[in-house]
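Notes follow once the structure below has been shown.
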Amino acid sequence: MLEALREEVLQANLELVRHGLVLYTFGNASGILRAEGLVVIKPSGVPYEKMTPEDLVVTDLDGRVVEGSLRPSSDLPTHLALYRAFPTAGGVVHTHSTYATAWAQARREIPCFGTTHADYFRGGVPVTDDLAAEEIQSDYEWNTGQAIVRRFAGCDPLEIPAVLVAGHGPFTWGRSATEAAHNAVILEELARTALYSLEVRSDAQPLAGVHRDKHFFRKHGPKATYGQK
Amino acid sequence: MLEALREEVLQANLELVRHGLVLYTFGNASGILRAEGLVVIKPSGVPYEKMTPEDLVVTDLDGRVVEGSLRPSSDLPTHLALYRAFPTAGGVVHTHSTYATAWAQARREIPCFGTTHADYFRGGVPVTDDLAAEEIQSDYEWNTGQAIVRRFAGCDPLEIPAVLVAGHGPFTWGRSATEAAHNAVILEELARTALYSLEVRSDAQPLAGVHRDKHFFRKHGPKATYGQK
Amino acid sequence: MLEALREEVLQANLELVRHGLVLYTFGNASGILRAEGLVVIKPSGVPYEKMTPEDLVVTDLDGRVVEGSLRPSSDLPTHLALYRAFPTAGGVVHTHSTYATAWAQARREIPCFGTTHADYFRGGVPVTDDLAAEEIQSDYEWNTGQAIVRRFAGCDPLEIPAVLVAGHGPFTWGRSATEAAHNAVILEELARTALYSLEVRSDAQPLAGVHRDKHFFRKHGPKATYGQK
Amino acid sequence: MLEALREEVLQANLELVRHGLVLYTFGNASGILRAEGLVVIKPSGVPYEKMTPEDLVVTDLDGRVVEGSLRPSSDLPTHLALYRAFPTAGGVVHTHSTYATAWAQARREIPCFGTTHADYFRGGVPVTDDLAAEEIQSDYEWNTGQAIVRRFAGCDPLEIPAVLVAGHGPFTWGRSATEAAHNAVILEELARTALYSLEVRSDAQPLAGVHRDKHFFRKHGPKATYGQK
């Protein structure tokens, strides 16, 4: 199973490359085996084109390396914070994809302007608060995760499986690493389309709740009708 | 003839991929055999790169599957509403292409700013009204079609073979599936150029009617002079 | 020599494709043999990927077809008007390239915001006046050329080898078809960069004349120092 | 060593092509052997696709050609001014890349809006003052370098290894030609994202200093933790 997860996490990382979400070694995807408490994550600063399943790093939920000779992504503690707080998350992805990062830098929630958005996210994609100076100075990456977790207090993270970290960029998640990467690709497209909608009309309005939920639940939950059975 | 239409509809779907109008399984194209009352449409949620003519679904005008083992696109009822109301439509295409969707989300008609637009559409590309809550809650996709049909009351749908569904995205049509896909590609380019024109000058003005009609009728109708005989 | 010009004009047309300036059959490039009074131009509505040198159409300066079985581009009379008025023009190109067309539709001159612009155009790229209704209704394409010629009264067309036709799109020219196509590619890049400059600062200012001329004459005229020899 | 530098400088030039930073023959990269006082630079106006290591030009720090039969890039004197003033610079790159040029043309510093920026540049990317008319009229390229050097008085050029020359475009540098090209690619992405951030929110705010420095020093200096070992 760990081998299968290594392969899936590698493919999730490469999916970010295929869709133009990463430049050089930016970005990272991980996946988790819940029963074993093992996380598989991209190594730090290794070029995507040379990456093999063996280069991926396996850690426990405290971040101790269990397998692999490379150092894990420096964002590992943020991934771990999300796995600990969101028990339904099977995969986490972080990118600096252009449009989502632009919204994160502007500290503005991406409104749910249309049905494409509502097919994947049941509402706007929120922005975290800024970290306090002391949260930046020590345990920065872990504290980044805590800022995300605080922002999702009382929300189902699978209904809005994405966040914008203020002044930084997006994190997405999903039931698997594959789904987390898929959500990162979709988020980038939504961030782009939402910016253009604002340019077409600066007072563009979000979709009505009933319309949003119609689309979200066409694709998610027990009454989903999209796709092949 | 049904085999030929399957192949044409497959190619119309792939034309959307070739021009970057669709992400993952977004979008769908269909075509109709008027005499037989048969519609060929993309299956729901099947990756484009694996799609074969046999995967396409054949239905009647009530949406009953006549041939094919897969489920048709969830947007089938919208296509059927258009085929019923627009007797000259031989093909229908729906996408969430980025720029046209941005205008649809902003609920703003795409003005006919120039001759490129006028070569294909004899005026602005209109936006539907929002659906009422009860139109969303039941028969949503059929009601989406009805909103389009209402918007075109008194218009020749072949003079403006495209619409923006409010908060959703574009539908296009044409005398064939090929032409509907072609119009979807053109619409996306027009939506993009029109946005940039607004950014260059926020009070950009539409083309004069005489200029618009000169271009439209250079390419359409009995006096067309464009192309090879 | 006519064979060489056919090949050059074909390559000039394909250069537009290689740089993403044309969609489907949009756009056209031509070249002229001044001594013979013969113009070679793209045929109307023929896909670029199938075009051969033999498909190009040879006409005289009155637009009479001298060689070739296809119809010439419908924009031929505009090309002819430019060849007649600009004796130094050896090639003409017309496109609906996205950014230049956006400026043409907004009827706004592209300011000379920087040295990239000044390397190719000694000042802003001007916009024509709108055509009168009667100029549109008869001899439209010829009158389009006349509107360009009027706009360049008193200017050296090789110092600013490009124009935006109001509500339509750009024409470029040069000492050869190759140079005209090159200028079309550069113009599109300048139109894009100038739009972004306006978005960065809506009151962006043109380059000082001395700076503009320094760059223009580094690459043009007897004191040019750019390139090899 | 000169052969190795030729190959590195060629690859640095090609890196600009691979990332879409240059059109035609725009742009140039160089590298220096400090001990020998030799600079290797791209020749002027030679197409990238035909360039070989032998085409590169070797000069001394006064710009005298030591090896090579082609003329060096016309921007050579700017490179030399930077090598003379910035002793830690091992490579210099100049491009007219679209987004960075747009900011240079607008004469607006690129603010440090986020952590992607702070990973590479410890603060905003500054703009030079305009050159005086006499600085343009003689020794223009050398004076361009002096304007950059004046702008960096009192700054560590490796903490902000990039500048926008007003009305012109970006120069970047680094400890090697490879690093200078890498910084040019990153700068273009930052310029693009920063523009979008402004479009999302016109009063977007720079990252707090403590946050900026956390990221910069994660990747630079003795306490860097990014990457492998």
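Think of it as A, B, C and D in the order they're written, each chain with its own count starting at 1.
Assume a residue touches a chain if its C-beta (ideal position, glycine included) is under 8 Å from a C-beta of that chain, and two chains touch if they have at least 3 such contacts.
Computed from a prediction, not measured in an experiment: that's the story for all the values here.
A rotation of 90 degrees, rounded to the nearest 5, superposes the Cα atoms of subunit C on subunit D. Where subunit A touches subunit B, the two copies mostly use different residue numbers: shared numbers make up under half of all numbers in play. Separating the centre of subunit A from that of subunit B, both taken as means of CA atoms, is a distance of 33 Å. Here the CA centre of subunit A is 46 Å from the CA centre of subunit C.
Within subunit C, the positions touching two or more other chains are listed as 198-199. Residues of subunit B touching subunit C in their complex: 113-116, 182, 185-186, 189, 192-194, 196-201, 204-205, 207-208, 210-211, 214, 218, 225-229. Taken in their complex, subunit D has these residues touching subunit C: 23-24, 26, 43-46, 70-71, 74, 96, 98-99, 101-108, 130-131, 133, 136-137, 140, 167-169, 195, 198-199.
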